[in-house]
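Chain IDs A, B, C and D follow the sequence of writing; residue 1 opens each chain.
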Amino acid sequence: MKITPNMKISQFIEELGNAGVLGSGRVYRATNLLSNMIKDPEMNIFLSIAGPMVPGGMREIITDLIKGGYIQVIITSGANLTHDLLESFGGSHYRNYGFDDEKLHESGMGRIGDIYTKSEDFEVFENEITSIMEKIASENEIKSIQDFIYAIGTHITDENSIIKAAAENNVPIYAPGIIDSMLGLQLWMFNQSNNLCLDAVADMHQLSDIVFESKKVGAVILGGGLPKHYALASNLLKGGVDAAIQITMDRSETGSLGGAPLEEAKSWAKARAGSNLVTVIGDATVLFPLILAGALDMASENKLMGK
Amino acid sequence: MKITPNMKISQFIEELGNAGVLGSGRVYRATNLLSNMIKDPEMNIFLSIAGPMVPGGMREIITDLIKGGYIQVIITSGANLTHDLLESFGGSHYRNYGFDDEKLHESGMGRIGDIYTKSEDFEVFENEITSIMEKIASENEIKSIQDFIYAIGTHITDENSIIKAAAENNVPIYAPGIIDSMLGLQLWMFNQSNNLCLDAVADMHQLSDIVFESKKVGAVILGGGLPKHYALASNLLKGGVDAAIQITMDRSETGSLGGAPLEEAKSWAKARAGSNLVTVIGDATVLFPLILAGALDMASENKLMGK
Amino acid sequence: MKITPNMKISQFIEELGNAGVLGSGRVYRATNLLSNMIKDPEMNIFLSIAGPMVPGGMREIITDLIKGGYIQVIITSGANLTHDLLESFGGSHYRNYGFDDEKLHESGMGRIGDIYTKSEDFEVFENEITSIMEKIASENEIKSIQDFIYAIGTHITDENSIIKAAAENNVPIYAPGIIDSMLGLQLWMFNQSNNLCLDAVADMHQLSDIVFESKKVGAVILGGGLPKHYALASNLLKGGVDAAIQITMDRSETGSLGGAPLEEAKSWAKARAGSNLVTVIGDATVLFPLILAGALDMASENKLMGK
Amino acid sequence: MKITPNMKISQFIEELGNAGVLGSGRVYRATNLLSNMIKDPEMNIFLSIAGPMVPGGMREIITDLIKGGYIQVIITSGANLTHDLLESFGGSHYRNYGFDDEKLHESGMGRIGDIYTKSEDFEVFENEITSIMEKIASENEIKSIQDFIYAIGTHITDENSIIKAAAENNVPIYAPGIIDSMLGLQLWMFNQSNNLCLDAVADMHQLSDIVFESKKVGAVILGGGLPKHYALASNLLKGGVDAAIQITMDRSETGSLGGAPLEEAKSWAKARAGSNLVTVIGDATVLFPLILAGALDMASENKLMGK
């Protein structure tokens, strides 16, 4: 590898490819694969997002991927949706409030690593989302979790919102574990006096249709968790994804799905025999932006949008 | 530490306590805390189970904990429930079939680390669970995921089944991400021609009642994932758990909830100020049995059951 | 697995073996292998010790292994030797002084995770080791690092000392990176006005003799680092070790020797083709005592000492 | 963060800084600190290199850092020096030979993760280094390991060699664990019939002089291991380093020095109170090139060379 001042990301990725082994090799191959996934007009991309990607600064990247037509399906946690809404309603994520969790609680701060939230932002969130739920409960027929998230998206005005962008660009968002979040909690509290019943398995109707209608599916998996498994397992009925990238710090030795090498998915037909799979070990909040920047450059000559 | 032949677990744990630092100290403190949790007649224990604990050999341990009255609430993944049912219907988990995932798929094997399943066992599972769903759809009023799991439990005959033991001992099982499993998939397929609609947020009614009725709550958290968060977050409305143990290999640096130190939960009021929290870094399939064996010995003099 | 009150370690290990997969399987296989290594009268055992095993409470275990004739060679860091001497001279390791490292320094404390040392103990160490170096510089012909450690051992009176026990039981201790420790620093300061010159490569003469005279070599590797590599590489000239166990938290993906799976050693002839190798992922301060306790039980029926 | 096609590294690093939390924040702060270290005319930089950085493709980066006057001291393993020499003598590192270690051995390949070496290259290495040792044993007075490495450097012709560049630019290379490498092994074999005796602690004379003559010291620590400790501990006598960056995948929980947070060094006076310390969790073969590229850009306006 040769490192010089004033490098471009594309040059940098090429240097990683020259090394071509260990982490450098994995990042290079993931970049190359993501570029091919983007360029392939027949491939629908499922983006799986676990971990605090929105609080961690990835919100705009995801919204831009939706607006640019790069991704066709999103699978994430209720928490990432909650944090997207928190920002949509004027809240923010904060830094440098220390690590004394009892004191943080007293001063109305919640901590995620070195990221902080304020309870006053959550109060705004609660009022706003309750108001939106009142509207959508009356105007839409909502059966599935995806319906619910879509309907919320139609009431958001913040142009940087993932949920709004997804609604406007017909990118369905699945959040199978939505109940396990502040958004889920608000829905439950709303349902104390309303009846916005979401069928826990109803999403599979639409999601399986998307899978069957896709000539190919590529998965981009940030972190592990429920979203990783759902992204892969939803492709099981069709024989598995055709390509996948995962970026994770989870280990493989415990047998957890999050840390499992992508190859393991082949035994379950969640990835096709012969599919191109790259697992990158590292922090997705650094390595996904890097891989994406490199892939955009590689793909830029003949990128095809509007899949 | 002094290690001799013919040691008892209780002596061994004492030796870890004599060292008292690094991993030894953490395992000792977790054992001591679990013992206190078991002995406290006012404390309800929430057991959160992520990762392949049932395929990994923990099924009997969990069933025994239920039967013994040691745990009052279980939160787990659809996958662990699926594997409990797989064994209940005569299936098994296998070893030593190698690591060529494409070949494994061809020979009808699914792989979880070094654990193997057979597609023929899944075929039996599909038939049996469909038959059970037919029964419960007609006989019960099922609204929540917990209702659904309970109803299944009343139709299982295998005495080693977690789901059966839980149903018989009134230990509710929550699986907020149930759709993301073979059990969830079977429910969805069943619903193509039936109407067994589970409200995604309905579990919170019962779960919040349990939280409010518990004088104290202790959480025992195996792995991270959705179950960890749900176990802690469900206690938020009451100011957080009073004690918790987590055993995980997840790292803290990515900000994921799974790897977050338990202390962080205090900032969110998911753990009380002053609560006793021990995070152990390691493989739960080794360390939970060890900690449990030690805690049973510590607690044996004056254990109080039937909380 | 079945966990009951009042278990013995031997029962517990059997239960891990019944599970037989993931971490449980690895711990069981490592225990079984260590038992076989202990029982094999033709096998010399090289114990490689990296990380703060002496501060972490493993000192007595190692001393007992030497006294019991279980291990024939030790390879470790200068730091572990320093901490053995610190305790031999009346010093100790302390707990519960908090994590403000600037304050710790001001109050004369050094921190290793949650273990603390006192500068007053290091002052005693400096006086005592200087006094010992004065004696051995006059009385012995010291060429190698092992000679130096052995000579120190003949001047220690603490019966719990690893270095003393090793000297008395003819178990050579190798510390190829000795300079990188307080002991090495004291040697350097002593040499400002003396000439106790240790040939950096002289240990290989004796060590290679031991390797060639051993019918078989088994390696027990705690942590990674220099000691791991040295233990394996010293066996290269003879075609590699015949058996090995490693317990580590290092990852394999960075390509570091510490995290490399033991199998990789076969490509270098540091482990023989067909050798029995078990890598356990976890904290050696918990898992080595556990594996050792289990192996002592398994081996107890027909253990052969005095190899 | 905003990611667009055709980005420059400097823009990318700015985007990480905009996120500013979790891994992104750590990489940004490390880049900023490295830039400040490079720009500070009073700061000598100690580069500590553990793990297979030369086989992993970092050789040219390190050689360029030496030639550019960016680093003043190198501390590394015997293995990295061996691999530098292997390439200097015409050998190479190879890819894509599979993971069957017994077969690899049979076909004369050694494996380091997904990197391969050939025994024929090691044969050339042995001949060449023996020839060089014959020359330097006669022409130089060699007392310390650093002397030895320097003398080798004066006989290398490959312009990309780290050892040659270091010799030509008066950058001392310390390898306290040199015996634990093929280079150390060759030195030992050479000494069967020669007397090239290296004093194990002699390096400390020169190294402590450098420390005391440095107005400030900054440490750049790739991986953990012996080199990390040596880089920090050599600054102990003067109150510790003034700044440090570490990039590692080692965990902190085991108490190993490799995984210890840099802050811990403050308790030992290996880092000064108030020193700027950034620990980045990740693979150094990806993140060090990234951080370096960013730091070169940040520093380029007013970089001062020839410290």
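A few notes on this one:
We take it that contacts are C-beta pairs under 8 Å (C-beta built on N, C-alpha and C of every residue); 3 or more make two chains touch, one makes a residue touch a chain.
What you are looking at is a predicted structure, and each value in this text was computed from that prediction instead of being measured.
Chain pairs A-D and B-D differ in how many C-beta pairs are in contact, and the one with more is A-D.
For the touching copies chain A and chain C, the fraction of interface residue numbers used by both exceeds half; the interface is of the same-residue type. The chain with its CA mean position farthest from that of chain B is D. Centre-to-centre separation of chain A and chain B, using mean CA positions: 26 Å.
Rounded to whole angstrom units, the spacing between the C-alpha centres of chain B and chain D is 45.
Centre to centre, using the average C-alpha position, chain A and chain D are separated by 37 Å. Shared interface positions of chain C, defined as residues touching 2 or more other chains, are 21-23, 52, 55-56, 113-115, 249, 251, 253-255, 281, 283, 285.
On the chain C side of its complex with chain D, the touching residues are 50-52, 55-56, 77, 79, 101-102, 104-105, 109-115, 145, 176-181, 184-185, 187-188, 191, 197-205, 223, 225-226, 229-230, 233, 236, 249-260, 263-269, 273-274, 283-285. Residues of chain A touching chain D in their complex: 1-10, 12, 15-16, 18-25, 27, 52, 55-58, 60-61, 64, 93, 95, 113-115, 249, 281-287, 289-290, 292-293, 296-297, 300. The touching residues of chain C, when paired with chain A in their complex, are 21-23, 26, 251, 253-255, 281.
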